[in-house]
Amino acid sequence: MKRIITVTAGLTIGALALAGCSGGGSEGDGVAEDGSLTLTLSAWSVATTPEFQLLADAFHEKNPNVTVEVKDYDPAEYNTLLTTDLAAGKGPDIITQKEVKFLTTFQEGGQLLDVSDVELPEGIGGADSYKVDGTAYATPYRQDSWVLFYNKDLFEQAGVEAPDGSWTWEDYDAAAEELTSKLDGAKGTYEHGWQSTLQGFANAQNGADVLAGEYDYMKPFYERVLKLQEDGAQESFNTVTANQLTYQGEFGKQKAAMMPMGTWFVATLISQQASGDADDFEWGIAPAPQLDESTTGTDAVPVTFGDPTGFGINANINDDKVEAAKEFLAFAASEEAATALAEIGITPALLTDPVIDAYFGSEGAPQDELSTFAVQTHETRPENPASNKTAAVQNILNDMHSAILSESASVDDAIAEAEGRVATEVG
Amino acid sequence: MSETMALVTPEPKRARLSVESGSRPRPAGSGSRAVGRTVLYVVLIVAAAAMLTPFFWMVMSSLKDANSVFSVPVRWIPEIFVWENYVEIWTRSDILTWIRNTLILSVTVTALQVLTGSFAAYGFSRITFPGRNALFLLYVATIAVPWQSYMIPQFILLSNAGVANTLWSIILLQAFGAFGVFLMKQFYETVPEDLSEAARLDGLTEYGIWWRIMLPLSVPAIASLSLLTFVNTWNDYLGPLIYLRDPSLWTMQLGLKNFVSSLYDTDYGVLFAGLVISVVPIAVIFLLGQRFFVEGIATSGMKG
Amino acid sequence: MTTTATPQRARRRRSRLRMRNTLLGWSFILPNFLGFATLTLVPVIVLFYMSLTNWNIFGSSQFVGFDNFVRLVNDGSFRTSFVNTLYYSVMHIPLTIVVSLGLALLLNNKLRGVAFFRTAAFFPYITSIVAIALVWNLLFSPDYGPINEMLRFIGISNPPGWLTSANWSMPAVVIISTWRDMGYYMVLFLAALQTVPRELHEAARMDGANVFERFWNVTLPSLRPTMFFVTVMLTINSFKIFDLILVLTNGGPGQSTMVISQFIYRKGFEENNFGYASAASVVLFLLCIIVTIVQFLWNQRKSAR
């Protein structure tokens, strides 16, 4: 028995020592004899997400002595895998921020370099999401916003007036109901099961702080959606989750005439129409329905939500590579990169006119003015504030979301419970 | 040696234990026996249908295109049969690499688990030494800790040892589990001590007893342990996900998931085609290897 | 007690025997134990240590004593997940044992095509968990799923919401989980049934015992070691259940299917509270161990009889 104890103790001490002293240095060194550098960059689904390789190649062209190596991670478990790698000291040089709510995890763990000195172009969206106490820990290159996709053909078929940029949620609801009654089988609209499809709008358009712990302002939104569900104007939440409906399928196969969704869907829809996975029909993009008249119309700036995707730099990066890494961040945010990204259908964080022209230049993209307006002009409020409480709060709100829409709890009860949980569980 | 052999050589009667429905002549005559049998078959067929329905849906869905897999209402038979899903997997993906990797892992892990597990189980069940029970309890205790809890310290350990991102990491992870030891130990307890006693009298060492007596006697246990370990390793997703990052090291589950998914999208038709392919080898192994679970004491392999 | 040898020599012989046995025992255990100790035992010990800190994965951690545990007690979500775990286990364990043992008994037979039926029973276990979740969600779909359609057909006008209803989600999960596990445990029982000596059955039949009595007095006692094994594994696996629920319902709707393992995963990997998650792991571990020890003691008592 004594032998077991001593052996175990020895191994434990060894392991703790290992655990404690790991986490230093990003993988490899990447600094070659001739001064050429290699920067590793974390990415996901590289085969179907061309943006990373595109940026890597474009940067290499401008800086021939710097190669950016793209490391592929599983998209669904990206955060877990990245965390594991960083904990073991094998993280990449450039850490792609897939979700804003994990920024503070990395930042508090001392994994991110201060990048406040990286110059960003004027008007770029999403930079504030990466600031903690005024210091920037990452820079955006991409910013998707939520807009309203609509099927022009179905609108015509039903004889309902297409959105013109002046809609409030009442107009949207009315159109959804009218479309459902006039169309044969297709629903007026489709709302995907994610909590963001409803809460994102509620938070942004009410200017609410999701961390404050009060959620009464969400009630009208939930009541609206429950009514749409009840009237059959959209597929019920339970059916969406149980039948695992895909938003690409629902809109692409014309099962719904409208759909609030993020701008990333543009590229998917275009390619699916080209490959035949989606039906061939005319579609357009309208600004998201607004809370009230004050922000409607093409003279105003509609309020919507979205989170940026950005790059951070590993705090343990080899000192010789820091400057090159910062240059990469600046490049990714620049108009040149933004234009290249727009050409492959990515919504960049910088939306100047040349970028927009490139965006709508691909075949299959809608050509009408409203679509251009919807993509270019918006006040996009962050979906997730950069705070270490965000993940916990969002989990609680997600539970609330499923409880309400599955009709397992009343709106009031669920909101009260969520508020209580935030107060007790989130420190 | 001879006494041991006499005890161990299977007597012809000591074959499988059967629930004999109707081997004894029943007063009611053969009529009720036939009815009983029919009812039994009906029950079994209904039960089998319940087991296989989800698999049937999976096969049907593997022949649909991406946007038709999930629909309202549920469609059992595809409108158009998309055989291309299977073609796509075989030609456009790296499936042969994945199968190779998965096979290497499953076979190695199973072999190691069975060998070291049954070896250790013999020590736990047949030899008394101080601290034995406590140590065994420790083994079982670690099964009680969920893997995701100690996954990170484990990863740091293996990573610092330089084996992360190699097939060795998975082999090391899975081959020394407590499950195999536990299963074999319980099985060994059903083997009567007299056999070992007789063998000891004949001059066999403990190792000899394990090799020549315990192992052959525990064919059903070894068969079930092998099968379960093989299946678990074959279907393991999280372990390979964390340790096997290089595409050349991916297993079936990993490669498949990656092949069909992008961030917001999953081509479920192709995914199911891959999953169907992945299930077939195991089903075949099970179908052919069944008799090892239900065979009595092995009649083969007895030397001497 | 008279001995031919002096007490001293007897003691020496005993201790030499003990030493020999210890070495012998360890020589058997060592190969497996080395791997086990380094790869499982050590990380687990680290985990236990971490439960007393506020570790956030990236190296730095401060010792906080039992703060995490105190916080757990006051945490409503943890209480919910604890209760859910017990609720799930209490339903799942007996159901699985009965069904898988029944299957094993039924299929331990020379029926024609029995190999096919056994394979069919095992199919759910070898199917990918992703596929299982997808299919069962469809089958249980409240408005369009075949199961509710059948229920409506036989006259139940308001069938339950199953995975989409807070009240019925856990029973639905139990059904799916049992469906999946029964092949697995059936295999174990099948193997164990081979060890029941046929002579005992013959003797019992001669004595006039019917099928049920033979089962209760011959089969069941002979299965005891395996029954112990199955019960312990099933209990621990039920307390630890994670992947299936994660892909089926992700803890929802609301928190109706959130179990301890998912709580641990969320706190650790999604909210970066790894010390706290480790504390929850320790609680889960204690739950499993206490129940296992109770089962172990009961098993010892029965075998001593």
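As written, the chain order gives the labels A, B and C, with residue 1 at the start of each chain.
Keep in mind that, in the parts below, a contact is a pair of C-beta atoms (placed from the backbone, for glycine too) under 8 Å apart; a residue touches a chain by one contact, two chains touch by 3 or more.
What you are looking at is a predicted structure, and each value in this text was computed from that prediction instead of being measured.
Touching chain A and chain B together: C.
Ranked by number of C-beta pairs in contact, the top chain pair is B-C.
Look at where the CA atoms of chain A average out and do the same for chain C: the two points lie 38 Å apart.
With centres defined as mean CA coordinates, chain C is found 16 Å away from chain B.
Under the contact definition stated at the top, the residues of chain C that touch 2 or more other chains are 38, 41-43, 46, 57, 134, 138, 141, 144-145, 269.
In chain B, 70, 72, 74, 130, 135, 151-153, 157, 257 are the positions where the chain touches two or more neighbouring chains simultaneously. Under the contact definition stated at the top, the residues of chain A that touch 2 or more other chains are 15, 19, 22, 80, 87, 239, 243-244. Contacts from chain B toward chain C in the complex involve residues 13-19, 21, 24, 40-41, 44, 47-48, 50-55, 57-58, 70, 72-74, 115-117, 119-120, 122-124, 127-130, 132, 135, 137-146, 148-154, 157-158, 172-173, 175-183, 186-187, 189-191, 206, 210, 220-221, 223-224, 227-228, 231, 234-235, 237-238, 253, 257, 268, 271-272, 275, 278-279, 282-283, 286-287, 290, 293-296.
Taken together, the chain A residues at the contact with chain C in this complex read 7-8, 11-12, 14-16, 19-20, 22-23, 79-80, 83, 86-87, 102, 104-106, 108-111, 236-239, 241-244, 388, 391-392, 395, 398-400, 402-403, 406, 408-409, 414, 420-421, 424-425. Put simply, chain C touches chain B in their complex at residues 18, 21-22, 24-29, 31-36, 38-44, 46-47, 50, 57, 105-106, 108-111, 115-132, 134-136, 138-139, 141, 144-146, 179, 183-184, 187-188, 190-198, 201, 205, 211, 222, 225-226, 228-229, 232-233, 236, 239-240, 242-243, 261, 264-265, 268-269, 274, 277-278, 281, 284-285, 288-289, 292-293, 296. The residues of chain A lying in touch with chain B in their complex are 1, 4, 15, 18-19, 22, 44-45, 47-49, 71-77, 80-81, 84, 87-90, 235, 239, 243-246, 248-249, 252-253, 255, 264-265, 268, 272, 277-278. Touching chain A in their complex are the following residues of chain C: 37-38, 41-43, 45-46, 49, 56-60, 74-77, 134, 137-138, 140-145, 161-167, 251-256, 266, 269-272.
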